[in-house]
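After this come two complexes, each holding subunit A, first together with subunit B and then together with subunit C.
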Partner chain A sequence: MTAMTAGPALASGPRTLRLRSVELAGGGRLDDVEVAYETYGELAEDGDNAVLVCHALSGDAHVAASDADDGTTRPGWWDVMVGPGKAIDTERYFVICSNVLGGCSGTTGPGSTDSETGEPFGLKFPLVTIEDMVDVQAALLDAIGVPRLRAVVGGSMGGMQALSWALRYPERVGSCIGIATTWRLGAQAIAFNEVGRTAILGDPHFAGGDYYDGPRPEHGLATARMVGHITYLSEESMRAKFGRRLRERDAHAFDFVTEFEVESYLAYQGRKFVERFDANTYLYMTKAMDYFDLCANATDPSEVFAWSPVRFLLLTFTSDWLFPTYQSREIVGAMQRVGADVTFAEIESPYGHDAFLLEPEAQAEVMAPFLGSLDGWRARREVSS
Partner chain B sequence: MTAQELLRGDLRLVASLVPEGSRVLDLGCGDGTLLAHLHDERSCAVRGVELSREGIVECVRKGIPVVQADLDEGLAAVGDGAFDTVVLSQTLQVVRRPDHVLREMLRVGRTGIVSFPNFANWRVRGYLALRGRMPVSETIPYAWYDTPNIHHTTIRDFEGLCREVGGVVVDQIALVSSRREVRQVGVLANLRADTAVAVVASESRLAR
Partner chain C sequence: MTAMTAGPALASGPRTLRLRSVELAGGGRLDDVEVAYETYGELAEDGDNAVLVCHALSGDAHVAASDADDGTTRPGWWDVMVGPGKAIDTERYFVICSNVLGGCSGTTGPGSTDSETGEPFGLKFPLVTIEDMVDVQAALLDAIGVPRLRAVVGGSMGGMQALSWALRYPERVGSCIGIATTWRLGAQAIAFNEVGRTAILGDPHFAGGDYYDGPRPEHGLATARMVGHITYLSEESMRAKFGRRLRERDAHAFDFVTEFEVESYLAYQGRKFVERFDANTYLYMTKAMDYFDLCANATDPSEVFAWSPVRFLLLTFTSDWLFPTYQSREIVGAMQRVGADVTFAEIESPYGHDAFLLEPEAQAEVMAPFLGSLDGWRARREVSS
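After this line comes the complex of A and B, so read on.
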């Protein structure tokens, strides 16, 4: 199975699938939806080794490194976890990752052309939910012949999708791995999202979302990203990384220039982000996260897990204050109350929310054996049901 | 299986007390050895609670669902009577409030199985009486200043605690271990046993 592996992983490279139409959870329909996706490794004959990775707010389908046509290697956003010999081992598992609905990295989103007008959707694009993203992923898997998933894995907003998968398609999913995620955002996280949106909506170039022909609302989007990055770090990691150090100077400038290291870091993150991300997508993604409530239709969160055959693994990080551990404990508790199969661990880390991208060893230590313990999950489930 | 084989170690005894096919919660399940055994050999539906990272990783390796939690923070998440059997194996003496943990155990399980080192064992008594120093033995192998065991108890004290939290000791098995074997003792248990395994249930549940 590994003999054919060339380079970093046996990767499909960027691909696109077109779906004729997508019904949205909030009502309404989107026609001619394009889904950008990539796969790594090979699907086993019994189909039991497929792992879907769901990306977070600013991610894309390129989850792991692959060789580009020009011979260079393109790094993936979760290289530390996905690849040959990694926790999500592409020599063992068939990994699929797609850009979410509403995204701006190949999948249909507000920046795509509305076939009715011939113009980009802008804010005419319908508000999409985490559930819609999941339904599109399910349709993608149908189309490419992946009937079931050994695991659906995601961090942050990706974890919301993973949890949603477990509830919407329990029969197709062996396990759900949610990292640094939540079953619903708290007021603080919604508040930070709103600050980001306010910065974008108030940018003079925003033009009601129809900015695709002219200058883009870069200042607003960069500001949103700066706020985001503050929430992804912890006080401790910021102190260790920047302290009060000045950049390229010995004394304060007494001017409004970028002088502290931390300012320069945030400015850089903002600049880098506007080169690759669409402001409208930022609005839609943050709204989808704000609306997400895994147990919205249940009087008791436990209800939704009562008959779940899915095995859950939830991981959090001690210093993550954006998706705090207590929120995962709430949902773990709801699962425990009804005897659902849940494993939970809180990983010691100073890196805040970003730890899911920066703490590969601690995650792999649990995730790799967890994925391994799912060998034969489908046969076992058939026996017990 | 002969009685002798059944009694190799207190874990094996605990395992023998768990009904086939029951739902089992192991509080402080360590590396999941007992739960894996109950799952594989007695077809139990097993769940673990463990604080240490090493324990969690080992449980995951064995395919045992385990939740990282501190028993001293309670089991609020677990519903009343959610489990047939709740096991507390060599863990009572390491928690900050054994009374709270025992009460929670009786709440979430129909039956509890508790194993603990008996501090009233004659060797322990003798160690303290004759040497005037805190006992160190095979079942209590730590120095007093560096030990996870912060609440030593005796078979008699445990019975008292059980009553205190509204529980009843349904069965009590006193064990004497030597290098070669673990034996059950009948008379003078509180003096002779170095380890005790108690089966407990809540009084109100028994009355029903």
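After this line comes the complex of A and C, so read on.
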């Protein structure tokens, strides 16, 4: 890590904001939306140090370590990047992270109670889009007094949100940092999502999504997670990490049991996931990703970036085959054709899609100076105000 | 196609041979094993024109087109390569193809009746290996009077059998042609197989493998097939074939229905598969592939090829990420280090692993002359006899 080792950031701890209603991109409205969020560091007087971090499919608001009530430290999902002295330095920036709309970690989602019925929504919860997630984040920032963002940052599905922020709220965003992400999900990634959904929907405990009072569709969700995990790693890293090694045995069992280490790893990932994640939210998140197409309404992707005041930084990883570099290159090309301010780097890494969680140094090397410089933004703000 | 268009080959039609017993590599023995096979063309008087084709995971003995009883033509799974005038020319070669041990298309497998109980074996069927499949094929050839093979050919799991033939019966094999295959399955491919098995084993209709009298684990098997299909295609070909196109609609449904063409394609592949394939056989075939390690007992893979009299041809495809080229290069390198006779070609193709079914011209270009030349083999046979 490039970062100094330091204690947990000055953290707000989990908080919840209630929004009276949210209008959805797919039509319809959600009332009484709760948004779970956390903040780290302090908002500067000039308000120019706010950084919104957007989480990926299975993330939550707890992006960085904080002190728990019992005196222990509760690790965050992006501790390698966010904290005192880290690339997203909580001694310098005011970092906000919220659980996305449709989530299962505090923000209203399919597992929340539908006030009309007094029961959990289940599949009666409306499909939400990346744009809806972003609109909820914007409403949250309004409510907590953060009128503008120095940067919005995210990896994977978080990167989709960051890109969407730049288009929906260009005047509120200084920089957009999208990591291991894409401007529209490709056929292969949609296909993997559909396999996961098929596994969940076919679980006998799924019960049409109304399983909250009984056994949960754990087998389906675990299977979905197993598929997902394969796509987060690279062939290369799986080879290095597991190869053909057997777990706790010297010879094949000649039986249908877990034998290879890679099988054991996937089974563990599946088991661990069902303890903390809701199957319905998995359905909603994957669908939101499938629907995401940043330039869906443009005849040429370049259009949407013409005159954009936002500075873009896009990072990809060589071995990420789920969100392959060529997709970021496409959108970087579109930005460049209209003279948008874009920096792009492909980072050499064997870790596949998960590299955004595992390669702090290489990301920090580009991200920290990019975040540090906001002269352009200040100048633009002065001109436009 | 390079091939002339010609009618179906002179074909034997489906036949069955019964073997009294088969000793298995994993220990144990199977009695009364039926082997479904078909032949095409005629065995030459000198016996030098026999070509054994080995099928992949979901294949069967019907490798090439033949006339059905009702006067129609029944297509074969490798019509593009096998038939009159094709690369594996049934006017020149005597082609044999049999359903593998553990299969569900005529050869004894988990769906066959266990003579001890009078019920289908289910999971009481012993785990079979690629080596067992090959031994059964060798017994079949003994029984039908084919003492030696000009070539043994196969793609994917069929290629594993071809490689295994070359090591188990080197004196009976002139050439070994392995296409889109590997000498040992890698961690990522094992992981995908495990996802498929998990989907099947968790299907409530699986019933511990004893589902033959009731509803079958169709959902699990279809899910497994969906995952499989993604790995058979390349990201590039999925993008070209489906992109983000919606099926029969202009806008998103905002509901959990099949919307994208790629989803519809996968669902169709899943549905079609369960009509013709047995879930238990899927378990056994994937396990046999996982276990396959051609050089498991050697300290150096080169060892097993020292003094091998077999000519090898290994073909891979640039976009095949399930059986990537590097794996074939590894074994080609091992062969070369001990001076084995090996030809290797990586064929440029966008079709991923399925290219062995979809790229007849490029395969024929290398394979037809390789098959045509057997001077070396004849000379060796004369020396050794």
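Note that the second predicted complex is superposed on the first by the 370 of 385 C-alpha atoms of A that agree within 3 Å, B and C clash if a C-alpha of one lies under 4 Å from a C-alpha of the other, contacts with A are read in each partner's own complex, and residues count from 1 in each chain.
Assume a contact is a pair of C-beta atoms (placed from the backbone, for glycine too) under 8 Å apart; a residue touches a chain by one contact, two chains touch by 3 or more.
Bear in mind that the values here come from a model prediction, so they are computed numbers and not experimental data.
Contact with subunit C, but none with subunit B, is seen for A:V262 once the two complexes are overlaid on the shared chain. In the superposition on chain A, no contact is made by A:D210 with either subunit B or subunit C. Touching more residues of subunit A than its counterpart among subunit B and subunit C is C. Legend: residue contacts after superposition of the two complexes on their common chain; A:E346 is shown touching subunit B, with no touch to subunit C.
In the superposed pair of complexes, A:D67 makes contact with neither subunit B nor subunit C. Shared-chain residue A:G243: touches subunit C; no touch with subunit B. When the shared chain is aligned, subunit C comes close enough to touch A:G26, but subunit B does not. By the touch criterion defined above, A:E91 reaches neither subunit B nor subunit C. On subunit A, the surface touched by subunit B in one complex and the surface touched by subunit C in the other have no residue in common.
Note for the complex: subunit B touches subunit A at residues 23, 45, 47, 53, 56-57, 59-63, 65-69, 76-79, 82.
Contact residues on subunit C toward subunit A in their complex (touch as defined above): 26-27, 123, 126-127, 184-188, 190-192, 194-195, 197-199, 201-204, 219-220, 222-223, 226-227, 230, 233, 235, 238-239, 241-244, 252, 254-256, 260, 262-263, 266-267, 270, 283, 287, 290-291, 293, 321, 324.
Within the complex formed with subunit B, the residues of subunit A that make contact are 302, 311, 313, 329, 332-334, 336-339, 341-346, 348, 365-366, 369-370, 372-373.
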